[in-house]
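First chain A sits with chain B, and in the next complex the same chain sits with chain C.
Up next, the complex of A and B:
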């Protein structure tokens, strides 16, 4: 059988963002892989150094649209660590709510795209329509469908009135039933199973070796959920059930994402029930001393780490972040070989790559 | 497959879920972060909005004849993040629910929110100063009495002398 090389990308119909893969194939089977990135580099680490601490809240939010809440959230946590700011308890709970609602929208988007790639477009449309419930909730509570602008230094910028809490409970309840339906389809539908089961295998030991994070790790039986392993914000006060699957394939990762959505609804409901009274944000302008800090959080795609160094002025001296996709895309070297050419976009989507975060 | 067929038929019977916009109404919740509105009367020119604005959309400058300060916000540079509203002590700046930002290419540089803060003269020494908004007094004091009301019309220097 002849061996040849085919290019996939940088602009590929099935992927939302540009990434270039040089795939070596033997007949229809993938044998090797070369990943080239760097098509959407925007120099944001440098931009962050030219802006003050407040402007960077907005800048980091625009790193990526799907995990846009986690970036300013983690950035603010790093800043608060340096300045020793104590966030009011209500603010901590509101931060968790904002984070989980973004997780629902992000995971629904990815599972929807998965259906689109396997050619099940009516399921894709249905999942995206369910996602509209979440989008409407975000627009009503935060004022925007994607960029929540919830976080600020020392707390959050939004508050939940009793009316809004009721609205949110109603919206979360209306998500449950359609969600159960689609979980059943992703788990049991013959067509979906035929395309996702046994595809893109990442064994547990390889998952540990590559240090993958988030749903990719949990789909291979590795539990490294930051929300449980090193709780931040209000996560130590609520119960988080981590979903771990042992299938190690595309199907397992999709199921982890869907189960994460159900868990996110559960977390939001816990938060709304326990929501303490009081201020949502500090009521003074913070003074940031010279220092450095690392903060991390569990983004929809996995562990997100921020490193921040300040020098006493209100411009950061260094701001660096390590995003989940950076850890996950190397594991494609394990997932790809042995699979068919038609499964390439499916396997890439199963790590939920966020190129705009990774290349910033 | 049959499980999804049920859902597909149900969706079909529900009809289209898209809004007929721009020919009809669309979903606009209260609290949507849209175009900024500025109220010069409540502004105390602390310039915090200018400082926190990520895009540099806000500028506060003294006008050429030195009769006051001019506030300009470029709608095309605004990111609708709402930091200016959050940090404004008197809420002179706020985001409205108006999301309509379509305009002609030739109006590109005129598509701004403007305001003018006219200097007032100090009641004692007649030095021009930024008027102190009532909204600021309400933030600083529980109750604004006559004495405080008098201080409002004095420049910082005269205020200090009077207080001592």
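Up next, the complex of A and C:
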């Protein structure tokens, strides 16, 4: 059988952002992979060093649309660690609510795209229709459908009135039933199972070796969920059930994401119920002394880390962040070989790749 | 009493590098432990990677940055952020100016792969022994070590925007003048 190389990308119908894969195939089967990145590298880490600490809240939120909230959130936590700022308790709960609502929207987007790639377009539209409930909620509470601008140094910039709390409870309730229906389809529908089961296997030991994070790790039985492993904001005060699957395939990763959505609804409801009274943010303009800090959070795609060095001025000395997708790319070298050419876009989608995040 | 991973790490590090390091553990209000370690000898980083590997840890990321030495001269430091079962331990080394290279830890910890390639191209620090040292993001036409330089936007764009803009303005105003 002849071996040849097929190019996938940098612009490809199944990829929303540019990435170039050189896939070596033998007949219909993938035998090797080479990834070339850098098509949308914007030099944002360098840009962050030329802006002051407040401007960087806005800058980091514009890194990526789907996990936009996690970036300023984690960046603010790093600043708060250096300056020793204690965030008011209500602010911590509101931070969790903003983060979980973004998780629901992000995971629905990815599971929807997965349905589209396997050719199940009615399911794709069904998922995107449910996602509209979340988008409407974000627009009503935060005034925006993607970038929430919820975080600031020392707390959050929004508050929830009793009326808005009632509205949120209603919106979360309205998600539950349609969500159960689609989870059932992803788990049991013959067509979906045939395309996703046993495809793109990442064994547990390889998941550990490659240091993958988020649903990619949890789909292979590795639990490194930051919300539980190193709690932040209000995650130490609420119950988080971590979803771990052992299938190690595309299906397992999709199930983890769907279960994460259900858990996010559960977390938001716990937060709304326990939401303490009081201020949402500190009432002074903090001074950031010289120092260094790391802050981590669990973004929809997994562990996000910010490392910040300050020198006492209002410009950071170094701001570095590592997004979850960054760790997951290399694992494609394990997932791809042995699969059919037609499964390439499906396996790429199963790591929920965010290229604008990866390349910064 | 069950030993924690921080104690294990400290003990193994002492065995490997003796007195050649400083290390402190911080616990925040949520009970999350963060480690801050500094090695006197940069070549010991491979020993640290071996310890992290034995403890079942991984590389979260690696940050390179420019800083000043005691004589106020530019030097590079590299901060390795390791994960030890949820605890982030940052191990920092200094790269002497005349050396400009560091041993790769990717052969020991696969999770360092991309981030070592990235720091090599952004800061021009040679990573010795990396299994796949090719460029990650930057095109071959761009010099290595781009993060060491400050290139003002006006220089990078060579005045292109302003020139185009003024040409349009002049064209529009001359048209108005013709019409009058």
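Note that the second predicted complex is superposed on the first by the 360 of 360 C-alpha atoms of A that agree within 3 Å, B and C clash if a C-alpha of one lies under 4 Å from a C-alpha of the other, contacts with A are read in each partner's own complex, and residues count from 1 in each chain.
The criterion applied here is as follows: contacts are C-beta pairs under 8 Å (C-beta built on N, C-alpha and C of every residue); 3 or more make two chains touch, one makes a residue touch a chain.
Note that the structure is predicted; figures quoted are calculated from it, not measured.
Undergrad: If chain A is used to align the two complexes, do chain B and chain C fit next to each other or clash?
TA: fit
Undergrad: Just to be sure I read the superposition right, which of the two partners does A:294 touch: chain B = first, chain C = second, or both, or neither?
TA: second
Undergrad: Touch check for A:303: first (chain B), second (chain C), both, or neither?
TA: Second partner only.
Undergrad: In the overlay, answer first, second, both or neither for which of chain B and chain C A:90 touches.
TA: Neither chain B nor chain C is touched by A:90.
Undergrad: Touch test for A:211: chain B only (first), chain C only (second), both, or neither?
TA: second
Undergrad: Pick one for A:157: touches chain B only (first), chain C only (second), both, or neither.
TA: first
Undergrad: Considering only the touch criterion stated at the top, classify A:123 as touching first (chain B), second (chain C), both, or neither.
TA: first
Undergrad: Have a look at where A:253 lands relative to chain B and chain C in the superposition and call it first, second, both or neither.
TA: So A:253 meets neither chain B nor chain C here.
Undergrad: Quick one: is A:147 in contact with chain B, with chain C, with both, or with neither? Answer first, second, both or neither.
TA: In the superposition, A:147 touches chain B alone.
Undergrad: What is the angle, as a multiple of 10 degrees, that the CA centres of chain B and chain C span when seen from the CA centre of chain A?
TA: 90
Undergrad: For A:71, is the partner it touches chain B (first), chain C (second), both, or none of the two (neither)?
TA: Neither partner.
Undergrad: Could you tell me how near the closest CA atoms of chain B and chain C get once both structures are overlaid on the shared chain, in Å?
TA: 10
Undergrad: Following superposition on chain A, which residues of chain A contact chain B and also contact chain C?
TA: The answer is that chain A has no such residue.
Undergrad: Which of the residues in chain C come into contact with chain A in the complex?
TA: Interface residues on the chain C side: 28-32, 34, 36, 56, 58-61, 63, 65, 67, 79, 81, 83, 85-88, 90, 109-111, 113-115, 135-139, 146-147.
Undergrad: In the complex, go through chain B and note every residue touching chain A.
TA: Spelled out, the residues of chain B in touch with chain A are 1, 3-4, 7-8, 11, 17, 27, 29-33, 51-55, 79-83, 86-87, 95.
Undergrad: For chain A, which residues are in contact with chain C within the complex?
TA: 37-38, 41, 43, 45-46, 81, 86, 208-211, 224, 226, 229-232, 235-236, 292, 294, 296, 303, 305, 307, 309, 317-318, 320, 322, 326-327, 329-330, 359
Undergrad: Per the contact definition, I'd like the list of chain A residues that touch chain B in the complex.
TA: 51-52, 54-59, 61-62, 122-123, 125-126, 129, 132, 136, 139-144, 147, 149, 152, 157, 181, 184-185, 188-191
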